[in-house]
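This report concerns only the one structure given below.
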Amino acid sequence: MNRKLKLVVIGGGSSYTPELIEGIIKKRKELPITELILVDVIDGEEKLKINYDLVKRMFKKENIDIDFTYSLDRKEALKGADFVLTQFRVGGFKSRILDEEIPLKYGFIGQETTGAGGFAKALRTIPVIIDICKDMEEVAKNAWLINFTNPAGIITEAINKYTNVKAIGVCNVPINMRYDVANQLGISLEKIRVQFVGLNHLSFISKVIVDGKNIIEKILFANKNNENIVKNIEKIDDIDIINQKIGLISSPYLQYFYFPQKMINKELENINSGKGTRGTQVAAIEKKLFEKYKDPNLNVKPKELEERGGARYSEIAINVIDSIYNNKNKEFVVNTINNGTFVELPNNVSIETNCIINNEGARPINSGKLPKSVAPLIKQVKAYEEYTIEAAVEGNKRKAYLALFNNPLVNNKEKIEELLNEIIIKNKKYLPNFLD
Amino acid sequence: MNRKLKLVVIGGGSSYTPELIEGIIKKRKELPITELILVDVIDGEEKLKINYDLVKRMFKKENIDIDFTYSLDRKEALKGADFVLTQFRVGGFKSRILDEEIPLKYGFIGQETTGAGGFAKALRTIPVIIDICKDMEEVAKNAWLINFTNPAGIITEAINKYTNVKAIGVCNVPINMRYDVANQLGISLEKIRVQFVGLNHLSFISKVIVDGKNIIEKILFANKNNENIVKNIEKIDDIDIINQKIGLISSPYLQYFYFPQKMINKELENINSGKGTRGTQVAAIEKKLFEKYKDPNLNVKPKELEERGGARYSEIAINVIDSIYNNKNKEFVVNTINNGTFVELPNNVSIETNCIINNEGARPINSGKLPKSVAPLIKQVKAYEEYTIEAAVEGNKRKAYLALFNNPLVNNKEKIEELLNEIIIKNKKYLPNFLD
Amino acid sequence: MNRKLKLVVIGGGSSYTPELIEGIIKKRKELPITELILVDVIDGEEKLKINYDLVKRMFKKENIDIDFTYSLDRKEALKGADFVLTQFRVGGFKSRILDEEIPLKYGFIGQETTGAGGFAKALRTIPVIIDICKDMEEVAKNAWLINFTNPAGIITEAINKYTNVKAIGVCNVPINMRYDVANQLGISLEKIRVQFVGLNHLSFISKVIVDGKNIIEKILFANKNNENIVKNIEKIDDIDIINQKIGLISSPYLQYFYFPQKMINKELENINSGKGTRGTQVAAIEKKLFEKYKDPNLNVKPKELEERGGARYSEIAINVIDSIYNNKNKEFVVNTINNGTFVELPNNVSIETNCIINNEGARPINSGKLPKSVAPLIKQVKAYEEYTIEAAVEGNKRKAYLALFNNPLVNNKEKIEELLNEIIIKNKKYLPNFLD
Amino acid sequence: MNRKLKLVVIGGGSSYTPELIEGIIKKRKELPITELILVDVIDGEEKLKINYDLVKRMFKKENIDIDFTYSLDRKEALKGADFVLTQFRVGGFKSRILDEEIPLKYGFIGQETTGAGGFAKALRTIPVIIDICKDMEEVAKNAWLINFTNPAGIITEAINKYTNVKAIGVCNVPINMRYDVANQLGISLEKIRVQFVGLNHLSFISKVIVDGKNIIEKILFANKNNENIVKNIEKIDDIDIINQKIGLISSPYLQYFYFPQKMINKELENINSGKGTRGTQVAAIEKKLFEKYKDPNLNVKPKELEERGGARYSEIAINVIDSIYNNKNKEFVVNTINNGTFVELPNNVSIETNCIINNEGARPINSGKLPKSVAPLIKQVKAYEEYTIEAAVEGNKRKAYLALFNNPLVNNKEKIEELLNEIIIKNKKYLPNFLD
């Protein structure tokens, strides 16, 4: 029964690592990892070591005996991996803050995963993820790649279009939305099934099933007093009316599309008040977190990590690995390739929907047509995503332009060219394809 | 914990009933049926009583205490049902034998579920199943209908198109094909996953998954010495070459489409040799079975039933009910509505494919496009099926003609009109819609 | 050769009427109209009479002998019509100015054919056009309806979805764009073929064919010094860059979608400077025009009409009628039903594209897939249009909300409900379906 | 006005050549050909010379002065061509007779354009047409290829899929069917418009338009006493009933699909009676024709050519060239690329339908969905055609198998492998790709 199970974490220096490790510890009976390597780039070495030491203490506390190391040599580390988990951030917080600030100058939303900011992050990230996959094709060709790096949908699609690696994209938004629905109903998570349709950070709950009946209307028209369900986004209240009209529960990220001016104003307010962008805030949180992590007496995930956002990331990531490894055929909401699931979208693009996960990977469950009221938005954003991926891989400026041209958060199209130039110049270190 | 669970079996006089009851007995822990009614029409009363008495003895032997009755009053029996199982045969064996003999006169295959014979059976059966559903809409509107009556795909589609009843069509062919694959590989059933695509009695295994890998090529090119896997059809050996070329394992029913002349010759041989059609043979088997059933000492399903065909019908039917009732989210191959699963087929037609079954019913798992090599055949037969349903419901002779015109087993189209007239005349008792 | 040819013009009191009559006069050899009736509503009676008198003088000047009358009794006038031309405006300029002003209050573009303004106009117009069609179904069921009333695409689609009238929607934008291309190339109109794709007021030139070659790139990258090609819209210069990137020549109406903020600012400037909205300006032009029309010495179309916008409306309308009447099989760009022409759009919606026009009506010529770069925008606007039509016909506020929700010119969705309420209240006289 | 116009005829030794020349002579005003070359292979040299001499006499009679030659050097001849007309037959009558005889041995129809015979012809012809196109890409890259060689649909598709040559496939069946309809109605050809849908030799008239009304029902239910409309196929009378049921006028070639057994019996009868296959008969006719052609006094197309089949081939071919050359925008039924015209078929396949022909080539006119009753047959045959083209280009035996597997005229699939082997062996001289 000593079946080998090697997990490699790329972006091991991330502040999320203790959350991930906590998940690994909880699941250790079913998922007996035999080797674990935290990998990062040279710029992340310091954080990587802090994490390494903390994780060692966490394992020690639980008497867990795993072959555990860290490495700056990615390809070497990947050798013979069974699962590869990616949680890296190209350019770190510095780049994220640029992603948030540059679009604002042109009157657009600055956000790390969506709009022109998410576009810049995608341009930086796609070449790196493809490099990782090329390594995997050579030294770990049977491994599964579980990707948490944003924009997770775009990344999953780029992997599928340009490499042979088996990949699943995970995001903590759907699981948090499901918890939120359960809380509102006062029912345990197991007793409800929640159907998701759409794309990463552009997803919708189309059904809430309890006892075989769809009771979504009950939630849509309930008197609510919701808290934030996704830490990264502040809630603007009018979304409930929209949800009632469209008959769907929108992901909080839809607020960028529904209330662009309010969201921009909120951002500007934060900047003007000295709070800074979300990235600035999170960078400060992280700094404190790593101070905490250094504490030689700390041997559990610190509570403070929860402020960070990304809650339940580990829950979804570890469960997906478990369901693959143990062929459990469990249902999760992940990012995978469309392959005809939503007939309105091309076959080879990524979608975020309920899938059965087993040792074959993620098989989407059919849920019919996209909801009519939001289908055009989904198709529009998918067109943006497809152009973005091609632009990133080919270093094609015209396609980069067309990506932004098709992004609904970049209205006032006369500004695209200038915006795009600034993005390319400010990110030039990470955009080798765009060198002229 | 005394949750009510009422099951009504329509066609309770069928010789399959002891098989079904055996399944119920085995599953009684998980599926604690509180009320069971066997229903049949007046012509089936004698068999119904024989079955009733045998089942009583079977229950007694196992010390099972269920509120168990039989009835000729269908609507009364359906009141408050949780599950309705349909296994009736309109017109009995007499009609089946006509379905087998009439097409042969015109040079076509005579078979009870496919070709012109299956067409005649569909015409007789559709009005009855719709009547049953109308009763259910009135007196058992939350009940699930599990249909085993053939042609199961057409029946499932007719229910969906013309009634509000929640229905799943079951067939024992896929489960038998899965057992057959497992046997060939010498692996237990649980360790393989088999992907089905297509329509009822026109289905194909497109993948055989073991340890996360598709090993269908291994089976296709193995040296084989297969037995019959479906009792109702004798095997013609050339199918292995076809399976290799198309890269799929064809259901045995595909032999009618691949080798029409050989299959006709086989039928003619049986008739000329005095063996009679399959229906004639089965009628004889049934006669003996019911003699057996009458034996007051018999209190188990008799071995002889296995010769009858329909093996594992109860296994699939009871498992589907269990997975709905207990919200088990298990994967089975059943007939359900396409709803975009196979993008090449209309949304509102029935398909036979792998589904996740829970208290919401059957949700098809996405498996991509139909295999290119057989997609045209599937589309052709689906067109036949759609015309057949409309013809039956509307009593429309032109659509009946077009159904046969689109049936690949009815080539030589100049004979359709005469054939159709004979079918309508010989079945007129059961085709009230076609009265002129 | 005395074939009857009766033309009924609904909205006969429009200031466009002399332009139309000029067209009729020019085409009189090929299109020998025998009866002409100008129809309008009671509110338009004064203008109707002025037009009637002017037209009489125009006919007299040309020695044309037509049975020519005017009428306020629409149904009576329609009896036995061969062609019906609709050019009416429900609510007149007062409503148009509201359409332009209301959206601006909420930060959106106010325009009579597109955005929230065009939406309001559609709500007012759809019930009227359907009424006209109901009359035609009774008293002129073989007549062709040639519609110029905006929003012409939506109107064409509503007619097709809810009536049996044969209709073609005409717009002067495509013909003007074609002239503009010819001018830029310095080639005569007959020597170029211009392919249009898209929807009314959302159309694109995808090919410019000269000598069998597509030379659109030449135009896209030419040094240009264009004038306004559509009088109703002032040109914002950045559109050339966009056209180069998308490889298409955009209709001037696309500027609303490309430069929403600039277009809003332009509108606000006009209002603040006292010039007023375009509607206010046109109302003033019209006032002067009708003063002119009254001049008993005027017996030709006055030059001043050209300032009005709508240039070449008569050219396209009369040519379409001629091509139908004389079965000429000529190619024009009109609004007709998609019927599979653009596979990305539903079958039963209206499109604006090149059609062969003969006595069967308009048959679209296949030009392949919608251009990838603008397909999502086209699909989005079409979704808006479909919701608008259903809302208007059903008086359905939820669908009206979803129409605006899907309109890209109505971003900042939190304002939709208030905006919609104001639109309904201010237009209540014309929205009988929305009475509560 | 001395615009050059060079026409190259490949297969210049065909007995059709005088028919073609007659067409050229009639059209000489509009289509002033300046250079004409008849090209053939060495095996056809004798016939080529006979034709050359006859054509010279035909030109002389009409005082036509064209630069006229013949050549065995195809590439040299093609240099600078404006139009290339292909009417060659790979393997000549010997191969045709094999195509007719081999399938019969296995119980299938033997026909030169459809079924297993047409398949063999396609395998032989595709490599040659691609070679011709490769030559054209080098020495006549602006030329139009007008192809008459069968199977014309498959050939058009292969050219489009594997070369950059602009091609249009012509067939005389649609024009003959249109004449037939006109005759039945007693109306002149110009006054009716006939809509064709489908594939080459698998086409249907879906509408017959007179005075803007579809009167197809009138023809379908008329009392008829039809003659053969296509000389190559003898009429079996039951097709009228089928046409009534499907609401379409079927091409005579559909008889192979409707009445396969009767058609086989007819063929066998002809062979057994000593008449021989159609190929044998035509070979004899041809022999006599060439005797005639040799007559130095003959200087017109001899009447006897009409027995040959292929009537009006020259009418369609010359009209298509004229409409391209003179940018006439006339409507003809030709074979072109689908490009979304029939949404049920792939974009890149050939179809046969009404097109507007001008200097851009053939633009299909949209006519909506394929008729439901025959759509499955069309899709099935298209699948056969796609496999055939891939098999021919790749020399792929599995795809060749799947082509025949998908051909409805090759039922009884157990015989495919043997049949295919015989086809490959007997044609090996012409199937270099299939050499092992």
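First chain written, first letter: the chains are A, B, C and D, and each begins at residue 1.
The rule we apply is simple: a residue touches a chain if its C-beta (ideal position, glycine included) is under 8 Å from a C-beta of that chain, and two chains touch if they have at least 3 such contacts.
In UniProt terms the chains read A, B, C, D = 6-phospho-beta-glucosidase.
Quantities reported herein were computed from a predicted structural model and do not represent experimental measurements.
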If you walk from chain to touching chain, how few steps can bring you from chain B to chain C?
2
Express in whole angstrom the distance between the two chain centres, defined as the mean CA positions of chain A and chain B.
45
Separation of mean Cα positions, chain D and chain B [Å, integer]:
46
Note: chain D sits from chain A at a C-alpha centroid distance in Å of 57
In graph terms, nodes being chains and edges touches, is this line, ring, star, complete or other?
ring
Can you list the residues on chain D that touch chain B in the complex?
107, 236, 238, 241-242, 245-246, 258-262, 372-373, 375-377, 379-380, 382-383, 398, 401-402, 405-406, 408, 411-414, 417
Spell out the residues on chain D that touch chain C in their complex, using ranges where they run on.
193, 209, 211-212, 324, 327, 329, 331, 339-343, 347, 356, 358-361, 363-369
